[in-house]
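Per-chain numbering from 1; labels A, B and C assigned in written order.
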Amino acid sequence: MSQSLLTVRDLRVTYHTAGGPVPALRGVSLELEKGGSLGLAGESGCGKSTLALAILRLLPVETDVEGEIILDGHDVLNLNPGGLRAVRWTSGAIVFQGALHALNPVQTVGDQIAEPMLVHETVGSDKEARVRTESLLGRVGLTGNRADSYPHQLSGGQRQRVLIAMALACDPLLLIADEPTTALDLMVQAQVLALLSELKRERDLALMFITHDLSVLTYACDQLAVMYAGRIVEEGPGWEIFEDASHPYTRGLAAAFPTIGDMSSRLAPSGLGGDPPTPGNLPPGCPFHPRCPLGRDECRLEEPELRVSGAGRRAACILV
Amino acid sequence: MTSVALQRRKATALRVWTQFRLSRQGMVGLGILAVFVLMAVAAPLLADVRELNPVYARSQGNPLWGPPGEFPPLGTDYLRRSVWAQFVWGSRVSLFVGLAATVLTILIGSVIGIVSGFVGGRLDAGLMRITEWFLVIPFLPLAIVLAAVLGRSVWNIIFVIGVTSWPSTARLLRAQVLTVKQRLFVDRARSLGAGGWHIVSRHILPNVSGLILANATLAVPISILTETTLSFLGLGDPGAASWGKTLEEAFSNGAMIINAWWYFVPAGLGILAVVLAFTLIGRTLEEIANPRLSGER
Amino acid sequence: MHPGVSPLVEVDDLHVHFGVARAVDGASLRVMPGEVLALVGESGSGKTTLIRAIQGLQKPTSGTIQIDGVTQAVIHDPTVQTVFQDPTGALNPRQTIYEIVAEGLRIKKDSSDERVKVENALARAGLRPPERFFQRYPHEISGGQRQRVVIAGAMIMEPRLLLADEPVASLDASIRGEILALMRQLVDDHGLAILVVTHDLGLAWNIADRVAVMYLGRILETGPTEEILDKPRHPYTRALLSVVPETREMEQQILKGEIPDLTNMPTGCRFHPRCPLLQSATLSEEISARCVADDPGPVPLDSISAAACWPVMASQR
């Protein structure tokens, strides 16, 4: 029986902004086993990036965080600073979107990859760090001499690979990838996804993949969780959810990515009306009901909890 | 102007004012400035202009170097003239020159900066060389030469300050214009067929106006100080009372030696207060303008 | 083709070179009135430069662009309007929605019935009731609504061709469908032609009548959407399709490396260093040699359906 590497229980995150408190996450629970893969799908305002940052306690200090996060046996929310530093990057690491501002423009790429190794003292000397850096670069598909390049000298796809190498620097058990392929070309996207899959297999890495592109997730992940307005509204096995979603939002989201060759979507783009809600301004009851094609009066009364909608599947909708 | 545009302008002005009111530093600055502006405007009511004339002063039997106790409220100077009258009437020149010179500086600097940044190419290169030339020349010798050549009058002082202070404004604006020029909505305007004038007036100017205003407000104290310096050096208008002139006269007539503090302290404090006021207002406006320049998306 | 109907846009052997970098290197294409053409390509393919040349924002090095039979010499032609990739950046934060939509009319100095025209344009773009948006600023409305404002601002000029550069790439996935449906509706209602640049093949499936695939400054393959996306012939198109998550029946062909530098074009067929067909060693020696040495040239202007690929052309004989 595989153990749970990451357990999140009833996580609630509220930001304090100039305009008042903003509830970004309103009770999220999930579990990820060692070597497993979970995809988190959602659009702007759903809280997925907040979740990624919360797991390694990277949210701003004034943010209210409640609930429980257990990573590799550590109670992340209650660790002291020393313990937290030890956990970050060694138990879990984040791969961000490879835009230019994710990397320090005045440091070489090699220095940035070596940095976590030196900070966490997983290597004995600078020389050792260099050797490991070059080997990591090779593993992600770049040549070792790239270590001396600066971020602006690399293409978008290459920068993304550097970020992956950096995340692997201390051999973490969990890799959280936050929109790693957005803004990349189709072919480069495929390369990066393939790389992540290989790495996962090689190192028995647990992968948490966060993106708004539902179709990408069905490739890379066994389990899928769809987020809306700070909560998970559907979860279950990836392919099943994409093919036959229980929650109307998931269905709408999946329909936005037509299957090529399927005549029902030929010249018939499909999507949802309205806009994703802003976190501080949610409608009463089910937050999706104003946009829901199946919405009823009862939907306005109470926000539905996740209920079983199939084998190993749950969805937060009263129609399930 | 269409009613839509007018309504919009009113709303913007209201918004800026509401934010301004919340800033303590801004309101303090505004308060100080208001006092001095009122003083300058109401000068005839506050002090008799004849008191500035040494012949009149003598005929009134004013004391020589009379301290405030003897001749309220601020005593007399080496020519028996009322220091209070000089203070009140001097504020007019200092404020007027400060504002007028700033207007000239901003006008020249903005036009050159915007044209340079927008047109680019050889014109930009040429204008920037000229700008750098002006920046490199030491200010004081240039001002002295110009004042000597043009003659000593209030208008010439305004001209001198304007002509020597515009380069930093020009550079600042050019940089901002270069940034705005890259933005997608300028491309959009171009693809709609907009010519240079439309783009500059509708898209570039509104997005740099906040910077211009903030820069102007901070340039006023510099102009005032420059006028003070020039007057102190004896380059100012001999007929016009100004705080700088007061300081110059105090200095060259030994007020420091005999400790006639009532002569130079008020002028000095006046300059200090007005410069402080404009600096506070300018900083507040900059704070308000900046989030709008980058954050209003 | 459509007999008797002349093309709305004709790009003939267009070259746009930036010094040694050949961004567009002999591209030709045609868009008929009322047709939606999807120009598909990755970054470095030259698609953005091509669009800018048609918009009049980029002077070509050689070749011609004809809109409605008239060679493009003027900077802009109101017949051609643009929908931008970043609707937030495309709107001046200091202008109200009304001013933004009316801008094109004001530039043309056409102020008759301005208010009515703005109202109609906003309504047609799905922003109802239009008056509610007049006084608003871009930051007060959502991303999808901003894109509708951009579309309204373009449609108010009554164009015959709409150029759309990744029109939904920066929008949330769930509202893509609506914006795409709006664009398709404009085609049906007004006989508008659309040239949409995208790397999203699903988008092409959703709204395009024809597809042209671009690589390193040239069109490699063109044809009706069903043909190109269902039965692609050029190995590059096949590889692209194979990695699109929405087409799972194909075996993935992930190409190695990235698009080569524009200043360092490969000899022979530009795609040959990355070509899976060439690497599969299933081609005859003669054809393989041609791929490495001879440039198949760009797809010709009057092709209804063609692919610039030696093996494909050989099998057609």
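In this section, contacts are C-beta pairs under 8 Å (C-beta built on N, C-alpha and C of every residue); 3 or more make two chains touch, one makes a residue touch a chain.
Just so you know, these numbers come straight off a predicted model, no measurement behind them.
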Check your understanding: Which chain has its C-alpha centre farthest away from the C-alpha centre of chain C?
Key -> B
Review point. Out of B-C and A-C, which chain pair has the most contact pairs?
Key: A-C
Study note, to complete from the structure: Chain-centre distance (mean CA atoms) for chain A and chain B, in whole Å, is 54
Revision key, fill the gap. Taking each chain's centre as the mean of its CA atoms, chain B sits from chain C at a distance in Å of 53
**Study point:** Distance between chain centroids, defined by C-alpha means - chain A, chain C (Å)
**Key:** 31
Check your understanding: Along chain B, where are the residues that touch chain C in the complex?
Key -> 4-5, 7-8, 183-185, 187-195, 198, 202-203, 206-207, 292, 296-297
Practice item. Spell out the part of chain C that touches chain A in their complex, as residue ranges. Key: 42-43, 142-145, 172-181, 184, 199, 201-202, 205-207, 225-226, 229-230, 239-241, 243-247, 249, 252, 254-255, 258-259
Check your understanding: If you look only at chain A, which of its residues touch chain C in the complex?
Key -> 43-44, 155-158, 185-191, 194, 212-216, 218-219, 249, 252-253, 255-261, 265-276, 291
Review point. In their complex, what parts of chain C are in touch with chain B?
Key: 55-57, 75-76, 78, 81-82, 84, 86, 88-96, 98-99, 103-104, 107-108, 134-135, 137-139, 150, 153, 157
